[in-house]
Every structure is written in C-alpha cells, then in structure tokens.
C-alpha cells in the first residue's frame, strides 16, 4: 500500500510524528517517550523519519519544532499526537503552512481526550496511544494537498420575519451601509411585540418603544420591505443565495395609496380578527392590522371581501380618493440575490385547546395570555378594559395559570422562560385596573433577568396570592356553595399539602411558546436543522448562538428557543454583526472538505440524487451523469458512501484514508507489508 | 466472558456529535475501557459498510457506529441513512456467521460524554461475552497486554 | 515460440461450468484469428492433451493462458500453479476465476453441508449414503481423487495473476477485443495494459449501458420479479422495487439482462476500484430506502429474502469476508 | 365480525339491560359476540389491591381461556369498564413484568392453562364502536335520530385511565362518547365531570361519601340541563341510578336524572323496541326524557324546556374539530 500513488517524494513519504506531553495531562498517564521511540522504530518502514516528544506542542516552541523539521528534514507529512482536533487542528495546520507544507497534510490524533484523560492504566494508555498514532500515520499518507474554496459575498442581506429581532438586525446592517430586504408574512412588521400592552419588568408600553423602530425601518434608504410576502424558494450558498419571494396580492396599489384609511372606514364587512386580535376583536375585510402599522397600506382579505364572495360591493373602490384599489392584482414572484440570510421568524403560542381540562374554547371566561395582552392594550378591542367574555362585566377574581403547555411531558418539556414574568405582569395589571383578587398558580417562579425578581417582590406586595401546584382542571361544574356562576380552579396546593377548589370569575392561561407550526418546512427550505422540539439549532449553543450549520444562514430571536425582548434584540444585533463581518471580508474561504464525481465512472444510476439535503447534486440529462456543486456541498460524505459505482470521492475523508486508518489502528502495518491490502 | 480476552474494536464517530461527546468524556475525566479505537468521520452518513467489513475482516472483534440522535443530524437527516445501512449490513453479516451484535449503532449528542462512555463500556463487555472474532482473513493481531477490568467512574475535572 | 513460429495458447477450466469455453467459441470468425496467430497446446474441453505434456514444457513456454474456474480442490490448485509456471501471461478468465462466481456461493456452507446436499440430497438416490473416498484400494492399485478444499478460492488467492477478465461468461465481443489486443501487441502495434488490470470491461457500471428511464430513487418495498403483476418495460427496475445489481456491477455486458427485462445479478463483478461489491450495493440500497421508522425499514428489508446471496451472488469468494465462518449451529 | 366476548357478572345481573341492548344491536353493528367459555370473575375493583398475584391469576385465567378458545391471536371484547380494565391491566403487566408473567402462568398451570402476554388484545366496546365500526357506519344505521335529547356523556374512571400506552381517547378529557351521541342525533352536552368518580364501592363502605360523589355528578348533569346521563359502565350506572333516590333522601334534593347505557340509546336510534333494550328497568324512570324523542315507555310528560341563553360580547375562539 505504500507505492500506489505518485505524490510521494522518491517513492516514499517522510513523516514526522510529534507526541505532546500537555504538561502532565498526557505525560502523566502515557509514556510519551516510549510512544515516540516506538513510532520511530516500528513505523520507520511506513515512512516515519522523525518522532519527537515535547512538553507543549501547541506552544510557539512546539510549533517551531515542526516548522524546523519540515524545512530541514523535508517532511512531507506531519502527525501530531496531542489534544482534540477541535482544539488545535488549526494551530498545527497553520504551523505547517508557515513552513511551506500544505496544511491539509497534517493529521492530529487526540491522545489526551481519548486516552490519557479516560484511561487510568499507564501501560494500556501507552499501547492505545501507539495504535492511534499508527492509525494516524497510515491515514496521513493518503492526505492530499488541498486549498480552501473561496466564494465572493453579495452585499445584500435577506431578513425573514419583521418582529423585533428582525427589525433590530435590519437596522444594524442597514446603518452599516448595506442593503437589506426584510420579508414579513403579515401586512405589517412588528410581530408579537406589537400585540403586547406593557413590557416586563419596566412596564413601559410596547407600542411606544416599538413604533419608532418600525417607522425607522419603513423610511430607511437601505431597507426594502416586502410585507404580506413569504419566501417561496432558496437556492445557492453563502455569499450567493438566490431567493424567490411570493408577494401576496394586496389588491391595493401601494404607489397610489396614501394610507388615509377611508376604504377601511367604508368597508361594510366586519370579520373576526383571528390574527392580530387573536380572535377577540373585529376588523374589516380591508384592513391594516393596527393603527401604527408599517407600511401604512391596507390589505384586502379576499376570503372575506364581499366583492370576492358575491362579485359586487366595491365600496372601497368607490370611495378611494386616489383610485388605489385594484381588484385585478395578483400574487407577484420576486427574485432576490443576497449574500446572507437572517431567520427571525419567531414563535407560535401554544394552543391551549390541546389541554381541554383547562377549558379554553369551552368555558367563555378562560383566556389565553395573548388574548389578555390584546384586552389590556389600550388599542385593543376593549380599549384596555379588563372584562369578561360578555364584554362588560369586570372580574372580581382572576386566576392566572402558569406553565400551560410548558414543563409538561405531555406537551413540551422545556420552560418557555417568559411566562413567569408575563404572568406577574398580568397579575399587576389586573389588580391595578380592576382591584380583583388575583391568584397565580405556579410550579416554580423563575425571575433570573435584570430587575425581574424586584418586580416579583413588588407583585407579592400587591397582595396577589400565589398557589404552588399544577392545576388539575378548570371547571364550571359547581359543587360547593359560592361556586355558582364561577370558574373553579382545582389545584393541589403543594405547600399546604392539600387539594383546593378556588372559584374565580376569569382564568388566564399563560400559554407557552412553541416553534412556528411550519418550522420544519422553513428549516428544510433554508437547509438548517431543528432540535427534536422544533427550535432551530445553533452552530454552537454557547459560543455561536446566532449562526447555523449552514454558512450564511443566521438565526435571531425566538426561532432558536423562547426568549424575552432584550434577548431577542441582542440576538438581532449579534446576527447583524456576523453578517456585516462577512460582507466586509468581501470573500469567504470554506473548508475544502467536499465531494466530487468522476464523470467517466458515473453510470447515472441516480442513487445519489436524492441524498443531499443541500441539493448540491444535480443530474445532467444530456450527459446522463450526476454532478456536485462543490460550493453547496457541506462535506458530510453521505453520497460518497452511497455511490454504488465508487464514482464519488470525498476530499479529507477518502476511502483510502479511512481504510488505511483502520489498518493502522489494527496495527496491521507492523506485520509484513505483504498482508497490507491495497486500499482503493 | 473468557478471562484475559481484550477485544480490539473500531468506532466511527460523527465530527459534530459523538466525536465531541468523546472529547467531553475526556474533559470530564470519565474512565472507560481502551479497547475501542475511534475514527472521525464528518457524519455517520459517511459510514460505508465497506469500512465495517474491512475492520471485521482485518481483525477487529466489533465495530461501533455513532451519530447524532435521529432528527438532530448536523446534516439534517444523514444519520437515518447510516441507520438503514447498519440494519441491512447486520442482516448480511448474520448470514456470514458473524453475530450481528458485533456491530452496534449508538446515538450520542455532543453533550452526552458520559452516555457515550457508558455505551462503550457496555459494548466492550458485550464483545467480551461473545469472545474473539478472529476472522480467518485477518492477519495475526498483536493483542493488548492483559489489563484489569475498568469501571466507568466520574472524577471531578 | 513453436516451430511454426506461433506463440502458444492454453485454456484450462477449474471449478466452473464450462460456459466460458462456449463463450470463447462463441466469438465467431475471430476464433480463426486465434488459430491463425496461436498454436493451441492445451485446452481440455476442445482438444486432447495430457497434464504431463504441459509439465514437460519449459517454464513460460506458453505465451497466453486463459484460466477459468475457481480453486475448489487440490487438482485445481495444482493446475493453477502449473499453468502459472508455464505461462508468460496468466489471465483469470470469467467470473469463477476472478471472483468465485456461483461456486463461490458454496462458501456460505461447510464441506460437510455441501456433501450432504450433493450425495444425500433429495435429488440423489444414494440409499446406503456412499461418500467418495479420497483413496480407494482397487485390485489395480490405489485410486486417488483430489482433496476437496474447505472453501473456494479465486485464482489470485492461489497464484500471481496478470490480468482479469470478469463475466459469467465474459461477453464474446469483449473476448474478441482482448484477443485482438493481444495479437496487436504481438505484432508490436500496441502496449499491454499495466499488470493486474481488469480488461474487457467498461469503466462504469451496468446502468451506464442500460437504456431504461430512471429518476431519483425512493424505495418503499422490494419485490422479487416473479411476484410482480407486470413490469414497466421502460422504467429502471430498481425503481420498480426489483433488486437489480446493475448500479454496483462493472459495465461491459451491454446491460443484457436489464434490456431483456431481468434484473442484473452482478456477474461482471465490482466496478474497477471497488473493494467489495456487496457492500457497495448494500450502502446504495439502504441509502434510498424511503423510511425513517426502524420498524417500517425492517419490513421493507424483509423484501430482500437472501441479502448475502443477492449481494454476493458472484463476488462472495472475492469479498472482504470471502466466506462464512463455520458455526456450531450447523454451518 | 366474530368477536370473543367477556360479559362479566354485572351484565348478567344488575346491568342486564346493558347486555340485552348490546345483544339487540350486535347484528346491526355486525358483531358476532362469542362468549368466553367457563369465564370467571374479573376480580372487580378491590381484589387487586388486596392480594396482587391471586387477583392477577384470577384474571389471567380468563385471558388463558380466551387464547385457548381462539387458539391464537385475537381481540377480546369487554363492555364492563371494570372487566375491561382488569383484563387489559393483567395483559399489560404480564408483558411489562416478565417475572409476574411467569408467576401467573405457574399459577395457571395448576389448571393446565397458559397465557402468552400480548397474544390477546383487550378492547372496550366503546373503543370498538369508535375506531373499528366508525361513526360513518353508525350514521347509516340511525333510523330514529335522538333529536332534541340532551345527553351527558359519562365515562367514569376506568376506561381511559390509567393510560396503558394503548390510548384510544384522551385520558384527561375523552370525547368519543360525545361524538357517538351526536351521530345518534342527540345533543351531547360538554359535561365537565365526565371522568369524575361515581363512588365505586363506597356505596358499601361509606354511603355518605358515595352519596356526595353521586350528588356531584347528578347535580352537574342537572346543571347542564341534561335529559339523560349515558354511561358505558355497569357500576357507574348502578351507583348513579340505584342510589340516586337514597342520595336525594340524604341531601333532601329531588334530582331525577335517568341513567342509561350507551347501547340502549344506540338501540333506540336504530329503531329497536324499548322492551328489548331493557328500558323501563331503571330505577329513575327514563320515560319522561325519552318522550322528547317520541319513545313511549310511560304516560308522564316532561315539561317544555327553556333554551340556554347564548353568550354575547367577545367572540369565543373557534374550536378546531370540536373539543378533543
């Protein structure tokens, strides 16, 4: 197996092996000197010309050692036995390239994480280290010199989702002087935050702090808004995405519309607003979701518009001063070229109907948190009056149920993180505006944020009652005197250690946050992955929370899990910073770990065609062969392993490399070379 | 299990989850038997049955394949392909007189260092119970010196 | 070289069916070129010759030997060594010699099981269960029959081989081409390919030559061809759930079987550069099974009744594992 | 379809109308109920908590007999919730706890019997009606829709809980019985107490406790202006029907909520003769209620009922696919 390719200096490699002590981390358990001696002696016939050990290979001295040997001893391959490649692979590769050796001709084997730290027996640890070095030596012989792929970065950025996180990202990037497209599904940007009344813990009004940001987006020269629009298709790769967007027909010509609102006023059709007013308010068939909507242009809802139902009416058209109404308008497909994408598509509220015993949808006076937000909002259906479903009665007692659909293995295991504070906020608003007796039914109170616990203390002092226990059911089936006409909250009071029935007039379910119902499709569309719960997966949960595994696609806000407003805003900015740094670099170099197809060997069987989640594999109908777009390829190697003709090869992880490593690990290389099979 | 038999095993790891789990096992100083020698792939989807057959025919007593939990693949869904390949491979090697238990598929996320260590420990015990494979085509393997049984224990880092 | 100046040609059959010989005769007119350019010195199926004649030859006296059949008994092995010694070019000819072929499937069974099947099988009338004896004392003396080896080996497992021509049998036009090549080499018009190469094959797989329409593959179930109501004459067989080895089998046969409506069973062996044909087919198939649910996958896999037999029908003896391990449970 | 059937003791005595009405409609449902031969007591509700192994073995015998009778795999139908739960539980725990499984089989060997856990699928009548026969088929069978009859669907505690990973309805808030009722043309009220306790054997141990539990249910049904309360469990029926009068005495109340079996109402909707369905044998006369749907069982007449006031004000959230 030592002579099958011509890359070798006079027929054989000159390999240097470097064994790191890592202080005592490795040397304490592994006999590093013995390992180095053995490598030189036993693997000499496999091309090992130098084997050294050093206190800290990653130190500048250690690196210089390698550089020196490459220059003086003419090493063609380098094996470093030290820590995990995830720590220092880059370090040693750079050292090699400084000495003029292609960085990818260096192999790092982890005898710290995989040997010295997990093995107590010195002798055994030393043996295992030898085996691993032997594997690395065999593998490195088949490494090929590689050059990183360079791709140019398009300056424009696409932001999906016009909630507070998306808005923040858009503004940051636009203010840095780069063009931004922001796509929003609803007629206006603003997201969930626009629906809220007050924001915890400071209780400043959501609209007051949000609307300035919204109008800034609306007027920013670098920002192009595409509201009432959805992403249809995404092609390309980091720096060079091509995105198709469907702009739904508004039936209103935005060039002519002044947003005067006369059409809304004149529209005879009143419909329940199940989007912005979450079903407790009404809107017209032509509407803007709320007063401060950005953009100001209304939308005609063709499912409810009388004209679309019966073919007559057109009241709006008659009264529109600028003839902006256009019933002939159709959906429009817009194609954008962008370099980076920020996904800020937010969350859905847990559907409380899924817990029938809590009565939402069955019992009139059970409300969800979002319904309550709208009710409490001065611009909402009740102009801020907190009343029961009948529309006028003010509740005398209100129960707030925490963790509805969260921290519950029947629904979602995770904590929705905002419900505690939200519920405390509700408690405050209720007692402030109605003087009603408020009960909080909680499992634990979690107030870790800035000024959160202070707010909790404040609410405690407002004589809100806290019952610690999970609510069993909310029912109107009366049993005891005084229960008639009330909702009874049946709960185990775990502090008092007994069952309690608490009659209240109104129940608010603090429903948890869930991934968007179409999160999976979106993830697939953008080629990123979801956790089992359905939240988008970060590249690294701690160190890279706004990047994804797909280069050029970033995430911000609740897409990656429940977050409050400050956290979402911070993530918006963080994502923007990542995008801007890419744009500033102008071009990006990608790991050259890629798959490629040998055209002559490809039979066009099309086995591989459906295997690539990044659609990097195309079938050429003319040539009847499959082809790989190396910029799209993420290097997983699935197609390499799948190709029945062996026509696909993967750099960095070739069959030859892996098969050789297997033989090395099994120490076949110590036997007579005759028994060494020829890797393909 | 017969005494003194120390199996040699090959383990394939995913660069994004199980390899990092192995790193984590290291940093949290979890002790586990040294018999499994790991190979890093970019993804369990890179796992080619040829590798497994190669290992078994070349002297390995067992092969462990590890990847991200279903639905959490770094490359979205490639671990399902690995799973299907292993399922089919097991059926075939069973006909070849190799106990399918010698090939094991394990899911381990980057956070599951201890879990991975446990799985390795169990697998080593299972293979010890099965005894050496010593496939006829395999060249004489140099056995590890006899070592005492190692228990998985956690030592504060 | 012989007195008539023609290089010597030999062909021998070890453990094989004889189809390879027929294939050679099947090259029509080209057979005349063989006669015109070679002196045939040894070819048991076509002419009378004795081992001793061959043994009497100088080493390397034979220029070209086509050796077909696998090595199953001592006689096969002896002849393999003999032909190697006497030939300049020893070519493993046909699937049996290159990769074991159908006789190689016997590597799934022990010698004992094989004998049982052969001498006591339902198709054999052998009431007093006679078994052949390696040595038998007869009035004339001791009669010996060659010892039966525990497994079938390919030619390259026994002796050094110069070239490989796969196929069960090799396609006539491929044989003709190879012979043509050798002749032009003799006339100094061409170069021999590097030693050890596989010749008489295409550089891709059967699908490359298969005219059937194909699309991306998502397999929900496997069916054996005889279980199908009807087969789409134009559509890829694999996409119809029929286990076709085409994708993992070297091209060169003009995709005969798929064109005729039968799945490829892999007789041309692994494509060049592939270590293990069965493994490649397994990995390819498993990749395109359309399910993520382990239970459903098992059910789908049940559709492949005999995995080892299907994936290694021809290449068993040449696969990484080469043979099944005898185990106490009967095999 | 031929189905193995375990009647249990109640259905032969106190809950006879349940059995009669079931037999009355089995052809329509094309069920062919084949009784398990020589079946024995299911252990009712107490035995298991008193002495586990004997209780399990007692039930195991029925499973073993069933397996023997069908010689192989099949489903076993029980209409009594207690029987259903006991049989299902035993099968489940025998599978889960192999040691217990062996012990039980050792006990069964004494009678030359054996049961392979999992080989018999225990089904409740309601499950079969909901999931095998299906509402479409039921709808076809309805000739006399129960229009205008307000029904409180009552499940009791034993058919959906514990949820032995064989959920066929929501264990917290089931809704199958309601959809059946509306298919029969009745008006199924959203009865919040549908899975609350009927008192069980408290009637024997501590009547006052039982009375309170019974009162809650009957009161609830009355509060929702239900004409009848329909049940699938003999014990529930017994407690709520037979003890309703006692309960009224105890609390000086005058509830009169007839308690009927699901099969009786089905029978009526299928146009069967009330006699045949065992109607009129209940303690609380269902006559007045059934008159509303033109079923003559007695000459009393229920007074016309006032419609419930509809909610106004804020719109209610639309229920996707009704309460589940």
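All chains are identified by letter, namely A, B, C and D, in their written order; residue positions are counted from 1 within each chain.
Just so we're on the same page, a residue touches a chain if its C-beta (ideal position, glycine included) is under 8 Å from a C-beta of that chain, and two chains touch if they have at least 3 such contacts.
No experiment lies behind these values; they were computed from the predicted model shown.
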Higher-contact pair (C-beta pairs counted), B-C versus A-B: A-B
Length of the line joining the C-alpha centres of chain B and chain C, rounded to whole Å: 35
Whole-Å gap between the CA centroids of chain A and chain B: 31
Inter-chain centre distance, chain B versus chain D - centres from mean C-alpha coordinates, in Å: 53
Chain A-chain D separation of Cα centroids, rounded to whole Å: 49
Chain D: positions in contact with at least two other chains: none
Overlap residues in chain C, where contacts from two or more other chains coincide: 275, 280, 283, 287
Where chain A touches two or more other chains, by residue: 611, 638, 641-642, 655, 659
Category of the chain touch graph - line, ring, star, complete, other: other
Complex interface listing, chain C residues touching chain A: 203-208, 214-218, 236, 238, 246-248, 251, 271-275, 280-281, 283-284, 287-288
Of all residues in chain C, those that touch chain B in their complex: 108, 275-276, 278-280, 282-283, 285-287, 289, 291-292, 294, 297-298, 301, 304, 306-309, 311, 319-327, 331
Chain C partner contacts - residues on chain A that touch it in the complex: 600-611, 619, 638, 641-647, 655, 659, 679-680
Interface residues, chain A side, partner chain D - complex: 272, 274, 279-280, 353-357, 359-362, 364, 368, 371, 381-382, 387-392, 473, 475-479
Footprint of chain C on chain B - complex, ascending: 48-50, 53-54, 56-57, 70, 77, 80-81, 83-85, 87-89, 91-93, 95-98, 135-137
